[in-house]
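Before anything else, here's the structure in question.
Going by the order they are written in, the chains are A, B, C and D; count residues from 1 in each one.
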Amino acid sequence: MNSVSSKHKEKDQAHNEQIDHKLARVRHLVLDVDGVLTDGRLYFDNSGNELKTFSTLDGHGIKMLQKSGVQVAIITGRRSSVVERRAHDLGVHKLIQGREDKFTALKELFGEDGYRLEDIAYVGDDYPDLLVMKRVGCPISVPNAAPPVREHAIWVTEARGGEGAVREVCDRIMKAQGTFDTALAPYLQTD
Amino acid sequence: MNSVSSKHKEKDQAHNEQIDHKLARVRHLVLDVDGVLTDGRLYFDNSGNELKTFSTLDGHGIKMLQKSGVQVAIITGRRSSVVERRAHDLGVHKLIQGREDKFTALKELFGEDGYRLEDIAYVGDDYPDLLVMKRVGCPISVPNAAPPVREHAIWVTEARGGEGAVREVCDRIMKAQGTFDTALAPYLQTD
Amino acid sequence: MNSVSSKHKEKDQAHNEQIDHKLARVRHLVLDVDGVLTDGRLYFDNSGNELKTFSTLDGHGIKMLQKSGVQVAIITGRRSSVVERRAHDLGVHKLIQGREDKFTALKELFGEDGYRLEDIAYVGDDYPDLLVMKRVGCPISVPNAAPPVREHAIWVTEARGGEGAVREVCDRIMKAQGTFDTALAPYLQTD
Amino acid sequence: MNSVSSKHKEKDQAHNEQIDHKLARVRHLVLDVDGVLTDGRLYFDNSGNELKTFSTLDGHGIKMLQKSGVQVAIITGRRSSVVERRAHDLGVHKLIQGREDKFTALKELFGEDGYRLEDIAYVGDDYPDLLVMKRVGCPISVPNAAPPVREHAIWVTEARGGEGAVREVCDRIMKAQGTFDTALAPYLQTD
C-alpha cells in the first residue's frame, strides 16, 4: 500500500471511530418517514387511497433497538393512517405527523421527559430534516437524500431509505453501545 | 491531467454554463407525468383501479420552485384522477390531461397570460413530448427516456423519472436564478 | 484497436445484421406477459386482489408498431382481468390467457388467418415460452429471463421486462423494416 | 493466469462442489417469506390493507421442484392471508405463519413424517432464520439479507429475494440431483 492510500485509510478509520463514539451515547433514535422508513415513493390510486412501503429488515431492527434500551420516535411532515399503523405495529409510541417545523415537534415529543440534544440520533433525507439535524448529536442521512442533507450528516448509510437504511442504523448503534452481541445471541443458540 | 481529458473538461464546463444560462431565464416549468413525475410504471388491479407512484423529493422541489417565482404546469397524454389529486396537493393549477398534441395543449395553457417559448423549460421522456421540446427554450429529459428524446434535450438529469429527476430540475433552476440559497436558508437556521 | 477486439467487433456486427435481417420480415409480434410486459412481480393483497405493472414506453411502442403494419398478440400462462384491460387499451385483440401449452395457443391465435412461423417474433422469459421460441423465426428474450431461455433467443434486449424491453423490440423491428423514421416524423415537425 | 488467481479458482470450485454435494441430498426446501419469496417490502394502505409482491420465476421453480420429488414448505414470522393464497396457488401445503421460534415451527411441520435435518435446505434473510439455518444441512441466504445471516449460509444466491432467488435455488437443487434436464425436456421438444 502506498502512503497516500494508507493515510486515506487512517482518516476513514478516525472518522468511523468518531461516529461510533457519538452513537455510543444515543438514547433516542428519531426517524423521518418518506425517504427514510420508505423509499420516498407515494403510491396513489384513483379513489384517493395512498400506499407506502416499509422494510421488514427495518422493522426487526427497530424492535431490537428498543429492547436494548434506546427509545425510537417518528416525526413526519406528511400525515397518513399508514404511518400510524406501522408505528403501532413496531411499538413506537412517540409519533408526530403533519408537522413542517420538525424541531418544534421534537421539543414537544421529548419535552416532558427531559432530554439532551447530544443524546439524539436523527435520520433524514430532505431540507425540513435539517432543522433537527443541525441541532442533535447524531445527524444521519441516506444515499437517496437531497445533497445538502447528506452534507450535514455525520454518516450516510449504505442502504437506501426503505431498503434497510434504518436497520443499518439500529445495528450500528447497538454495536457502538456493546449491546449487539447480547441481542443476537438468542438467535445463535443451538441447544 | 493530460491535454485530451483537460479539453473534455473545458467542453463539459462550457456546456454546463450554456444550460445554466438558459435555465436562468425560465419562467415556466412544464412537466410530463408518466416517466417524469413517475417511473413510467402503470399499476392496474383486477377491478380497473390504477395506481401511480410519485416522489416526495419532487413534491418538495416543486413547492419551493413555485415559491421562488417560477410557475409549474403539467401536460399529460393519459388521463387519471390520480394526477389531478397530486397536482392539487402540490398547488399546481395549470394541468391538462388526455392530450396527444402536447404543443396545442401548451398554447392553451399559457395563451391567456402571454408567454415566450424561450422562457419555458419542459421535461419529457417519450415521442409526443418532442412536439413541445423542439419549440421551447429548455428541453430537458431523463435517463429512462426513449433515446431520440434524450438526444433532443439540452440536459438529461442524473436521477430517473419518479426518483427525484424533477427535484434535480427544480434545484438547478433555482441555483441558476440565484434563488436557491434564499430558499434553503430557513432550513439552516439554528437560533 | 488490436486485432482481437477488432475481430470481436466484426463478429458482433455480423450477428446484429443477422438479427435485423430476421426482424425485417416479422409480420406478427407475440408477447408473454409476466416478466416481459411486466417485471415479473405479482402483487397480491389481503382480499385476493392482484396488481401488475406495465410500462408507458411499451404501450406507446406497441401502438406505433401496429400502425406500421405489424400485428401484436399476447399469450400468457396465467389469467387475470388486468391483462385483458391492458390489451384492450393498447388495441391488442389477439389475446389468449391461462394456457400452459403456448405453441398450441399460438396456432389457435393465427390458425384462421394463415401465417408462417418464420414471420413471427416472440418475446419470452421462462421455460413454457421455449415451446414457441424454438419454432418461430425471431425468438427474443429479456435480461431477467431464466438462463436457458436467454440462450435460445437470437437477441436479448438491454431493458428489463416491464421497464421498456418491449419498446426496444418495437423500435428495432420498425428500424429493420424501414418504417421507424416515418413513424417518428410527426413528432419532429415544427412547421 | 497467475498462480494466485488460479488458486482462488480452485478454492471456489471446491466450495461449489461442496454446496452441490449438500444440495444433492435435499428432500425438503423450507422458505422464509419476507425478503426471500418477496423483496422484503411491506405495502400498507390507508384502510389497513397489505400487499406483498412475489416473482413468477420463483413460482414456476417451486412447481417444477415439487414435481421432481422435493417437498416445499413455508415458515414465516408475520401472518397474512396473502401468503396463504400464494402458498395454495403453488401447491405448497406445509405452511406455518406468525411464529417467531422458527425451529419449533420446523419440528411441528415435519414431526409426523420423520425427517433428517441434514436433508433440509432453508432460505432465510434475517436473525430469526438463524435458529433454523444453524441446524439444517443446507442453510442458504440472499444478497439482501442481514450480514450475519449471509455469514451463516453455505451459499448466497445471486438474485435478490422476490426477484428470482428462490428460482435460483430450485434450479440448482434439480441440477445437483440430476433431475433438471428431465424437467426442462418437455419445453425443448419440437417433435
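The working rule: contacts are C-beta pairs under 8 Å (C-beta built on N, C-alpha and C of every residue); 3 or more make two chains touch, one makes a residue touch a chain.
Because the structure is a prediction, the values reported are computed rather than measured.
For the pair subunit A and subunit B, the fraction of shared interface numbers is less than half, so the two copies use mostly different residues to meet. The mean-CA centres of subunit B and subunit D are about 43 angstrom from one another, to the nearest whole unit. Once the centre of each chain is set as its mean CA position, subunit A and subunit D turn out to be 31 Å apart. The set of subunit B residues that touch two or more partner chains comprises 43, 51.
Pairs of chains meeting the touch criterion: A-B, A-D, B-C, C-D. Contacts from subunit B toward subunit A in the complex involve residues 43, 49-57, 59-60, 64, 80-82, 85-86, 162-164, 167, 171, 184, 187-190.
Against subunit A, in their complex, subunit D makes its touches with residues 34-35, 40-48, 51, 78, 125-128, 130-131, 134-135, 144, 146, 148.
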